[in-house]
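Written below as structure tokens is the structure these notes are about.
Chain lettering (A, B, C and D) follows the sequence in which the chains are written, and residue indices restart at 1 in each chain.
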Amino acid sequence: MGSILAAGLTGAFAIRLVAIGVSLLLRGRPALCRFVSLAGSLVASAMTLRAALHVVRARGAVEGVLLHHAASGIEFGYQLTPLSAWFLLVLGVVAIPVTVYSAAYFTHAVSPRRTATVGMAFNSLLGAVELVFAAADVLTFLFAWELMTLATAILVATEHQERASRRAAYLYLVMSHVGTGCLVAGFFVVSAAAGSTSFATMFVGNLAEGSLRHALFALFFVGFGVKAGIVPLHVWLPEAHPAAPSSISALMSAVLVTAGVYGLVRVCAFGLGTPHVYWALACLLLGSVSAVLGVLYALTQTDIKRLLAYSTIENTGIIVLGLGAGMMAMAYGRGDLAAVAVAASLAHVLNHAAFKSLLFLGAGNVVAATGTRNIEELGGLLHRMPWTGLFFLTGAMAISGLPLLNGFVSEWLTFQALLFGFASTPGLMRLNFPLAGAMLALTTALAAACFVRAFGISFLARPRTRVADEAHEAPAIMLVPQAFLAVLCLALGLFPGAVLGAIGGSVVSLPGIQLQTSFARNPVSIVSGIPSFDYVVPALLGIAFAAALLVSWIVTTRQRFASRRAPTWGCGGELTASTEYTATAFSKPVMMIFRGVYRPTREVEALAEVSAYFPREVRYRARIEPTFERYVYGPIVRGVLKVAAGMKVLQAGSLHAYLAYVLLLTVALLLWLGGKT
Amino acid sequence: MSSPLFHAIGIALAAIVQVAAMLAVAPLLKTLIKKLKARLQNRQGPPLLQGYYDLAKLLRKEPVRSETASWIYVAGPRVYFAAALSATTLVPVWTASAPLESAGGILLLVGTLALGRFALATAALDTGSPFGGMGASRDMTIAALAEPALMLGLFTSALAAGSMNLGALVRGLVQQGPSYHPSDLLAFAGLLIIVVAETGRIPVDNPATHLELTMIHEAMVLEYAGPDLALVEWTAAVKELLYLTLLVDLFMPLGIATSLSPAALLISVVAWAAKVSMLAIVVTLIESMNAKLRLFRVPELVSTSLGLAFLALAIRFL
Amino acid sequence: MTNELLILCAAGMLVTAYLMVGQKALFTAIRLYGVQSLLLAIVGVTIAVADSRLELLVTAGLTVALKTILIPWFLMRVIDRIGIHREIEPFLNVPASLLVCVGLTVVGYRVSTGFPVAARGASHHLIGVALSMLLIGLFLMVTRKKAITQILALLTVENAVFLVAVGVTPGMPLIVELGISFDVILAVLILGVLVHRIVDRFESMDVSRLSKLKG
Amino acid sequence: MDLLLWTLAVPLITAAIGTVGGLRRLNDLILVAGLAITFALSLATAGQFLRGDVPAAFGDALRVDGLSALVLVLCAFVGVLSAAYGVGYLRRNESRGLVTWRMRREFYGLIPAYVFAMLLVATSNNLGILWIAVELTTLASVFLVTFHDRDTSLEAAWKFLVLGSLGLGFALLGTVLLFASGPSQLGEGMQALHWTRFIQVAPELHPFTLRLGVVFALIGYGTKAGLAPMHTWKPDAYREAPSPAGMLMGVGMVNAALYCILRIHLISKASLGPEFSGSLLLTLGLLSVLIATPFILVQWDLKRLLAYSSIEHVGIMAVGVGIGVEAGAFGALLHMTYHSLAKPVAFASAGTLAQLHSSSDFKRIGNGTFSRAPIASLLLVLAALMITGSPPFGMFFSEMTILKAGFASAHAKATSVFLAALVVLFCGFAFQIGRLVLGPSRDPSDRRVPFPERFDVGMATAIVAAIVAAVSAFYLPGPLMSLIRSATHVVWGGV
């Protein structure tokens, strides 16, 4: 079986390569080229998914060699551990619908000239991420990691005429490259200590001591954190996501960010021996900060894709939060409790992938139909795009962590993890958990507010612009993938046991984890570590809910009249689209309450003819300060460039200076040599 | 006929009875508070059955809906209603076990209530009336601010009792007997503030007003009329009753029936009525002795309760 | 007797180098270079006679022919054609320059102490002188602005190298020496050509003006 | 006559014919054919070496071991490319009437002469011959720098020649001192300066003299290789020289100079152990990478950018050798190979862009060249990816090998500095190439209309080079790989 799977995996990569080649040859004929690359990608994803599924079920690793780079003697080895299989599974579940969606979406989102390029990058991105998850050794990993970065950069820069997307691509490249630098250093230091570059022998346990160990953790945390989008390493994310075509944004959120998380789990949490308490604290802290800041920023965005991007940061935060709880438990030698926490973050990885890609695809439909990403220009789309609306609503409810949908499950587990952390850790340290819990609660509630706003403003009430008024529903081929994802969100919410069972397998494969009781007695229920403490059966509530819904229907429909339609009451005045509540207004209270975070700057100008009390129009501009860009990255970049510019005096064109360098070097070396020895 | 089926039927019956009872009592509580308040202001106040009259009337009225609205507008109140009802089945009221406690505990309860809020807020945006938006925005904001404090407060009791499942929790508290631990008081105070906020009472919201600038919950449902409005009002009442019951369960569970004997049940019902009406009086007193806060002062209030909850946790477990 | 002569010549070469540093008139500088090369040749001859290595005579002859006659003559012609006769103010004034040169000499001698005391006790003096001359020549290139002076300085460096080659080693293979000499003369010719072009273009021989290419 | 001698003779003959001049097309043909034959012969020579016998001439004054064979083949390869590309380059200039009779003769004469000098360097086993050959490369390239006969090219040439001659003076002193470190052991006549002889008697050489010699030789040949701080002539020369010549300087000359440095390093290694010259190489290499970084970040000229990148790559190879582990040496030679395959693409594409816009100044070229010269821009992007060591291209592997070796070696700290520099370098390159290639095409109001991109010999050469480089990333021919191995054996295992 293993060999067949190996063939499957190798085949998948082969197919991608062929697809790339053929699509490049067919660049002259966009339609055909698009078809080839996407079909190839679809098949490849399916094959990888199958392999992953097998490993998850069989709970045994599959490994082999993809390719031997003769010139450098480097071997590309792969190893499907249960953990990597889980991430591959997530990847496959998202990649397949997104690919199908792209088949229709690219026709208008990507100009024919660029089809070949985008197709190539699309395949390389997916292939690279698959390889990242499957890599068995450092060099394979770094190869795939770099390739992944480049492919994404190309996709982000597709519309390189716009300054924004050029900037986004560059920012992304630079940040991820710095991250990669950290990874290279970390990996090679560890591999030097281990005397081998294969993960299997490198990450068995504690290979470093004292401050070096902390330094290694820091290196890896930064390296993977950049990709995962942990605050304050997140700045590239909200720039890059909107710049790319929507289906690509879906992949970036669901897959690229996940790659970072994979690294965090594989190396930071379980690769460097028993995690140190401070590491766990760092994860808890930065996790909750990312969650809260992410959702707060999301709440004020009017560009729907930026909004979704920020909410990705939020969800990464939640994932890292769970991981941090797990590491804390590990640090105190409670492998059983760590299991819950890690399972929580792994579950959230899947759930986030599902609903975030669903939402991005929905956003894609909207952008395709209206040509704008600004929700202030939308409205009333539900009448025009009923299906898109329904699916987007499903996604919105899922991401808000409402029961019966999948978001709730993983957040429930995360809460459990935090409570256990509180119960299991001694002393003051334990107080971090309830704080983190409070942050998580705040995050969830704010997320609900954020997505009420996102859905309500763009899909409900009257259209605010002509484009919104003339919007049309997307074609079936774009809707079907969303339908699939929406059903997936519901299924994962109603049958959490099934998923948690699978995760259990991946979790126990991690070093130091003991899983006492399985998470699930049956497909519909989840039990946290100690059954008596808490369990949940969403489906049961679902039944009650359905019954109650029936009651409400009965109560209200036994009536003598049919419902009458009337215009909305406008205090005697007449209501137009312009009097509707705007997104900006909706988030105003939050903006005011958290002004310490936003540091908003507002300007209001009233244009009046007669008197200031009867303004003809009032212009309102509000922008929030890009804190990190301004206070963290700006100075760094300016500093580097300043130094670089300063260095220019070395090459000021004076031959005499150049000769002086040689003189100085010579004298220096002669002095170094000294005289009699 | 197999025993699991019996079991299922038993659960269903229990749930139905409890839900029905809560539905029946909720309007009374609402009017009771109104009446008490009126008395404190030396007014006559409405008759005790006013709540029922209102509901009956509204239910019989012709449903008028906005032209711009979509199905969301219709679904909103119903989901709100259904969520609250299914939430009630998770809470023990007269017996020391909730009918549907096998479905989940505190987190599920909070989640379910959030589901209802989400639905109503979304629906409020559907008419295109600025009031709806304003109400939705404010309601979601306040809920978001209240959430952490609510969770922390609940965690304190849950960790004390060693279970997040309300049924098990109450049983635990009952057999532990009354613990006069100071943390209980703090947690209670914290949660009380949250309940006030969640049920839209002064000083956070004013259920009586219809002034544009002060409305929160009212603004959100301003467009609703007839049966739709009836559902909303009724649900609000049930939610209020639910929150008070929750406080009762967590902090004064004494007297709740641990067996199904008629005597125990009787005592438990009476005790519950007494405790709930006592809480109602407290709420009324708060409402009559305070003025409504400005929206941007609410965070201060809520953070106070957050602080209380955290303090409770700290002194309880350190 | 031989040693004294060698050391004397070497010292003489060093002195010429110093004088070059102190010198501003181009003609004199060129003559100094000629003298220096002559001294180098004498060193060669002395050694040739002392331990009867006749191929060194060839080298010496070559040196005289090229460096004391041909190259100076060529440079003179260049100057005449251009008609510039004085070095402009260097980057560092003469006293300071001389001070630096003393320092460089110290460095050179310090290094030379590391050498084995060979059969001829003079060798480490020769090395010391050679290294000092090399550094001084380089220093001259750094401070002087006229193209010609830079060429002279370069040639001084060359002389220093040859001093080592002749005085310290028992003679490099002849072909190599010929090749080297040939290359040197070629280099000087090309440098001369470039100087011409530069002067045609910039109406000046001031190298410090050649600073358009930055960054 | 011997195969090796033919390899050297053919370019010389080509040069002779070229200088005489004649019909334009005939000259083109002769140039390309001559260098193609040279490449073929170099391959044959390498093959001869791989079959086990050691090609040599003039009593081992010329001798081909693994290292020589590798450098020989690489230099000859670049020779062909630059000839073929150069023909196209010259034609483009002719079509604008920019080419004088003088230029053509210089071009047809000097390019093969330059190649000849490099091959001589690569094959010489005698330190004296080595020095002469290096001097020849300098003399051959001076007039290529002044090719366009601008003020700036004069300036560049002057700096190039003065620094170069100084460096050669140093190198000569170094050679003399090496010889002086053990005249009695080395003996008389030509053999005395044979590298092989040095290795044989290495243990008996006088350490201090040797040290001094090594220092001077490294400074001297380092000047030619462009190791910091002797690198200063490079940007000027690269900018002024015509792109085909730039190609030769930036790849062939770099390899040749590194060859000299390695030979010296090996002598010192055999006699004094690896630390002495190793640490020197490490320091200078690191310095070069660090110096190149800021100038790439804030560069204003495309060709200068390439110059700094070649400084960087020399630094990388020096570091690879300097860290003193076998893997490092291997990485360095692998890097040399991939660099020689990839850099020509960069020079060709950059040269084309510069030619189309009649300037290599970023401001003059402007943004969005993709819309104006898609092929050249694409090639430039590919080349940039290759020379920044991005996967899936070859230098990723070589750089990773070096880094891995470095972190495993005793110089982990130095390696981490090196790594940091590489990261910044990538960012700099990404920025410069990005701003050049991407973006909206220049506004029609701009009067300096660039020439249209046409498909010609030069373009074809560039494309072929790119394909070769790309394929080589995953498939190097077996013989070439065994050349790299035996070169590693030379650099690590001595003779």
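FYI, a residue touches a chain if its C-beta (ideal position, glycine included) is under 8 Å from a C-beta of that chain, and two chains touch if they have at least 3 such contacts.
In this text the structure is predicted, and so the values were computed from the model without any measurement.
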Most widely separated chain from chain A, with each centre as the mean of CA atoms: C
Most heavily contacting chain pair (counted by C-beta pairs in contact): A-B
Rounded Å distance, chain A centre to chain B centre (Cα mean): 36
Rounded Å distance between chain B and chain C, as computed from the means of their C-alpha atoms: 100
Cα-centroid distance, chain A relative to chain C, in whole angstrom: 69
Approximate Å spacing (C-alpha centroids) for the pair chain B, chain D: 79
Residues of chain B whose C-beta touches two or more other chains: none
Multi-chain contact residues (two or more partners), chain C: 111, 114, 138, 141, 207, 210-213, 215
Chain D, residues touching no fewer than two other chains: 155, 158-159, 162, 166, 208, 212, 235, 295, 298
Contacting chain pairs - touch in the sense defined above: A-B, A-C, A-D, C-D
Footprint of chain A on chain D - complex, ascending: 155, 158-159, 162-163, 166-167, 170, 207-208, 211-212, 215, 219, 223, 229-230, 232-233, 235, 291, 293-295, 297-298, 331, 334, 337, 368, 370, 385, 390-392, 394, 396-398, 400-401, 403-404, 406-408, 412, 416, 419-420, 422-424, 426-427, 430-431, 434, 438-440, 472, 474-476, 481, 484
Parts of chain B lying in touch with chain A, wherever the complex brings them together: 15, 19, 59-60, 62-68, 70, 72, 77-79, 81-83, 85-86, 89-90, 100, 102-105, 107-108, 111-112, 114-115, 117-118, 121-122, 124-130, 132-134, 136-138, 140-141, 143-152, 155, 158-159, 162-165, 168, 222-223, 226-228, 230-231, 295-296, 299, 306, 310, 313-314, 317-318
In the complex with chain C, residue positions of chain D that touch it: 126, 128-129, 131-132, 135-136, 138-139, 142, 146, 151-152, 154-159, 161-162, 165-166, 168-169, 172-173, 176-177, 179-180, 183, 189-190, 192-193, 206, 208-209, 212, 235-236, 239, 295, 298-301, 304
Residue ranges of chain A in contact with chain C within the complex: 648, 651-656, 659-660, 662-663, 666-667, 670-671, 673-677
Contact footprint of chain D on chain C as seen in their complex: 111, 114-116, 134, 138, 141, 147, 150, 154, 157-158, 160-161, 164-165, 168-170, 172-173, 175-176, 179-180, 183, 186-187, 190-191, 194, 197-198, 201-202, 207, 210-213, 215
